[in-house]
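Two complexes are shown next, each including chain A; its partner changes from chain B in the first to chain C in the second.
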Partner chain A sequence: MIGGNMSRWTMTYFAAALTWLLAALALMAAGIGHPATDLAAPDTLVLVHVICIGWLSTAMCGALFQFVPVLVARPLFSERLTLPALGLLTAGLIALLAGFMALGGRLPSGPWLLPLGAVLLVAGFGLVILDLGLTAWLRPTGPARFVLVGLASLCATVTFGAVFAFALAGWAGPVGDAVLARGIPLHAIAGLGGWLTLTAMGVSYRLLSMFMLAPDVEDRQSRLTLAAGGLAVAATVGGGAFAVGVAMRLNAVLSVAALLGLTCAALYGRDLAGIFRNRKRRELELNMRMAILSFASLAGTAVLGIALVSIGTLPLHLGAFAFLTVFGWLSGLVLAKLYKIVAFLTWLETYGPVMGRAATPRVQDLAAEQRATKWFAIYYLAVWAGTLALLAGEPSAFRIAAAAMTVGVFGIIHEIIRIRRLEDVASPLRLPAGAVAPHLLFAKT
Partner chain B sequence: MTDQLVERVREALRVVIDPELGENIVDLGFIYDIAAAGGAVRIKMTATTPGCPATSFLREGAQAAASAVPGVVSADVAMTFEPAWTHDLIAPSIRASLGFAAVN
Partner chain C sequence: MTAYLDVDVRPILRAGGEPFSVIMAAIERLEKGQGLRLYATFKPVPLFAVMADKGFAHSASAMEGGEWEVLFTPAAAKPAQVAAPSNGFDFGAWPDPRVKLDNRDLEPPEPMVRILAAADKLGPGETLSALLRREPVFLFPQLEKRGFRWLGGFTTDGATYELTVRAPS
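After this line comes the complex of A and B, so read on.
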């Protein structure tokens, strides 16, 4: 494929994802679903799924529909599946959340809500897996392999989740009840570690090399990183399912998975260091500088995990560990990359069609990095403060940190909207003859 | 006459920029060859990454810019990734503006 197409609905996915992120931050600031409380508490389940499905998975799917074709230099298997997938994911998540709220007594009892949510989410993620999997499968090289392993992990995550939903409704029999009783760590690791982390790693290899003009990481090297991560997920899912089946303790399986996960994170750090060291563009744009803070957060989660295991308090501080993983590493990276991807796609949509006919700005001219820096700084400082507040057992301080994160995210969203509206492009170049201003929520071309 | 047309086309292509690097495709070394026979111009060009949505726009932009040159009857632009583009093809005069390190 010489040149790819713009995915029409990527912006719609991003808008939906950011809306869910604001909802999650509002819940945390209001003290609903505090990360340090019991993971199985209905309010916590609401918060966790708003973050993991609504925010992170929706943003990741939108980005992948645009970038998997770039990774494999092949067109997307079907652009027509992307909007129905978003509809199913959104409807499924709403039903799932309603089911959790009914469990917690916030809504009238509705045992069918959770299975309905599960069926809709299976259908939505099924379309995503089908579309992206068939696209990447045709040329599974380099970073595309990470996406394929990520999609396999998503299959496992969704399967566990669906069993849980049916079990919570009392429709899954004794086997479902056994899986629900002990399988939650497997579901969480497959989702956060396999689906979201491995996929983010894979896409980052290509984006970082592309935007910094660095040579691609050697295939042999990145394969080793992926092997460690893939084995960690396989050990968790395969070993975990076996352990649940024969009523064994999960400790041995989780220890092996943790060691492999740490190895993967260390190898990824080595790969990233190579990309940054060998880059041709020495000056780093804002999205790269902010991505470094998310990589530091990933390193921080590894150090925190080791420290908590060493002193035997990981179960007590699982919320803080998960919070830093989700908001420092994954959300930080997604926000930093969204800032760049939106500018890049908006440029293509607005100025691509008039290239050669009129002078056009650069992608960087669509963004005001100096102004945006403070919102990212507020966000990251608040995330790290929130982690410390959770470790210290200070719920009030955590709510203040969540409120500060909300301020940072509002600022970032405001900057993204300004990019989409071309508000920072100098007037002579802003809308040359023949160019059409983009729609906020979808691509016109 | 033909050489002059080729140079006029080359100059016209400078209006097309790589969106990310912000420099024109001639100075970035994306233009591998320009040939003219009569008023028919054939351009062979590349881009940094195959599969990127910008690639199609770069090709169409080059086509539009070349077609607008007086004396050009037809412009045919072929995109190729053989050989692959490397940083060495960038004109030395604009390397510094891209923030390239001197050692690189």
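After this line comes the complex of A and C, so read on.
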């Protein structure tokens, strides 16, 4: 079998991820975590990990189990590992969050909670890395290389995180304490920059050219983009670990990494412009128009980063910078692509068996783009307003923005459920003889 | 002048064997710029796409008794991608396609729908060929579920995907 099969649990991953996203938005709207508390406070750690592991990593893993086989035109190494991986990740995240809440005094003290969470998360991400790594390794063409570098970054992120968890429990000795004291930026950059951003870039190359009918970006060209991004992560992790080891300041390492990261973002922008220019399908679907807003946010983070560094206030506004990266760039892209991916997979699952034998709707007929546009618009406007509120130091304005983001996300989730239930397909085409209505949470075929 | 390595798979075919691995082994042995001259008992249509992927252009000429001589000449352009033959390469005689589809300028999912509709109308063992812009990875499982075999690959210019689908015989 070749890579175009349905991955059975992708919808389950998406559902779990969206649930965590709602939880994160509820925390922000309620004023729990940054900016109401310090950037390093336990409440902020809860919020950050709900977002990065629960929402973004879970959604990314679900998408990768479906699309890495497509990138390499090979079946997934093992479909059977995907559901246990989700179970371990979810259990690990819950234990980790409980550990942070115990640190903050919201739960009774339980020093074993953080190490337990770390062990479960290492096991869950380990299965993901094993499954996807072995799949991509067989035919590492352009976009698949991004995934491999992303998985390597995930290894680094998880390793740092596990050391932190053991150090917070007091079980990691003086070396662990030294890593905990200085290594947090390295953990964050490897996770947000290496794992989430490089992987999102890699998958977007193939998805964008597939959905817009554009020729693939030349390997030579995308390899340069990847080299800049990969070097940025390698410089951060390798140089950073060295600096921590010899008790040197991290500034030099982080400056080099930032320059390489900016180069990577600029080269990615050039690659994207090429895809948009060479596309055969002139009219842009909703998911593309919304993806453009997330690319604009990525460019915005680059500009904001440069501005904050040049006036010397990056440490003060790190929260605003991270917020725009996470919600403007990564979450925006994931939401826009989820909208399309769910429609596409649902269409394939429902109508694949009868295609060519009975009249079937088009993928676009499963979605009601006009209605969905307003939810996306609310979401992006709220994200940008939230960034400004953080920069201006206005926590109440930020909570209003978070509430508006929640409204937008609720709307998007409602649209996605309607797609999954075929509610917008006109009735004569909806379920031709032989087609099977899909289940909301997993693929039947 | 291109030098050619001669490979005669007619004895293997007459004995009912599978010459694919022999041909692939011969390709491994080729020196840079060298071509392959293949003798077969039929026109090996499915092989053309595989060889195009490896960067070889083909020219086939009929010999006496229905046998074929095919010249595979290395093209200047680099091969775009490796072919994706369906599991278990079946080197049985694939007839010339009964239907030819040019789906390059259609919007998805029209290419997939048209190929599946045309494939369902093929008689036992018949083939169809289709030109596409992309490797149709989501079509393959559908073909497989319906019992079809296929062979495909990008042509040497890297812009057109050539797919041959064969109905179960």
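Definition applied: the second predicted complex is superposed on the first by the 439 of 445 C-alpha atoms of A that agree within 3 Å, B and C clash if a C-alpha of one lies under 4 Å from a C-alpha of the other, contacts with A are read in each partner's own complex, and residues count from 1 in each chain.
One rule holds in what follows: a residue touches a chain if its C-beta (ideal position, glycine included) is under 8 Å from a C-beta of that chain, and two chains touch if they have at least 3 such contacts.
It should be emphasised that the depicted structure is a prediction, and the values quoted were computed from it without experimental measurement.
*Asks:* Return fit or clash for chain B versus chain C, each positioned on chain A through the superposition.
*Replies:* Chain B and chain C clash in the superposed model.
*Asks:* Under the stated touch criterion, which partner chain does A:Pro353 make contact with: chain B (first), chain C (second), both, or neither?
*Replies:* both
*Asks:* In this superposed model, does chain C or chain B come into contact with more residues of chain A?
*Replies:* Here the partner covering more residues of chain A is B.
*Asks:* Touch check for A:Ala73: first (chain B), second (chain C), both, or neither?
*Replies:* Touch partners of A:Ala73: chain B and chain C.
*Asks:* Looking at the overlay, does A:Leu441 come into contact with chain B only (first), chain C only (second), both, or neither?
*Replies:* After superposition on chain A, A:Leu441 lies in contact with neither partner.
*Asks:* Does the superposition put A:Met210 against chain B (first), chain C (second), both, or neither?
*Replies:* Once the two structures are laid over each other on A, A:Met210 reaches both partners.
*Asks:* Counting only touches as set out at the top, which of chain B and chain C does A:Thr141 meet: first, second, both, neither?
*Replies:* A:Thr141 contacts chain C only, not chain B.
*Asks:* Once chain A of both complexes is superposed, is A:Arg282 in touch with chain B (first), chain C (second), both, or neither?
*Replies:* First partner only, chain B.
*Asks:* After the superposition on A, what does A:Ile306 contact: first (chain B), second (chain C), both or neither?
*Replies:* Neither partner.
*Asks:* Name the residues of chain A shared by its contacts with chain B and its contacts with chain C.
*Replies:* Comparing the two interfaces on chain A, one with chain B and one with chain C, the shared residues are 1-5, 70, 73, 210, 213, 280-281, 347-348, 352-353, 355-357, 360, 362-363.
*Asks:* Mind listing the chain A positions that touch chain C in their complex?
*Replies:* 1-5, 70, 73, 139, 141, 209-210, 213, 215, 280-281, 347-348, 352-353, 355-357, 360, 362-363
*Asks:* Contact residues on chain A for chain B in the complex?
*Replies:* Contact set of chain A toward chain B: 1-6, 66, 69-74, 210-211, 213, 280-283, 344-345, 347-348, 351-353, 355-360, 362-365.
*Asks:* Enumerate the contact residues on chain C facing chain A in the complex.
*Replies:* Per the stated touch rule, the residues are 81-82, 84, 86-87, 105, 107-109, 112-120, 133-142, 144-145, 159.
*Asks:* Help me check something: in the complex, which residues belonging to chain B touch chain A?
*Replies:* 13, 15-17, 19-22, 47-66, 68, 79, 81, 87, 98-101, 104
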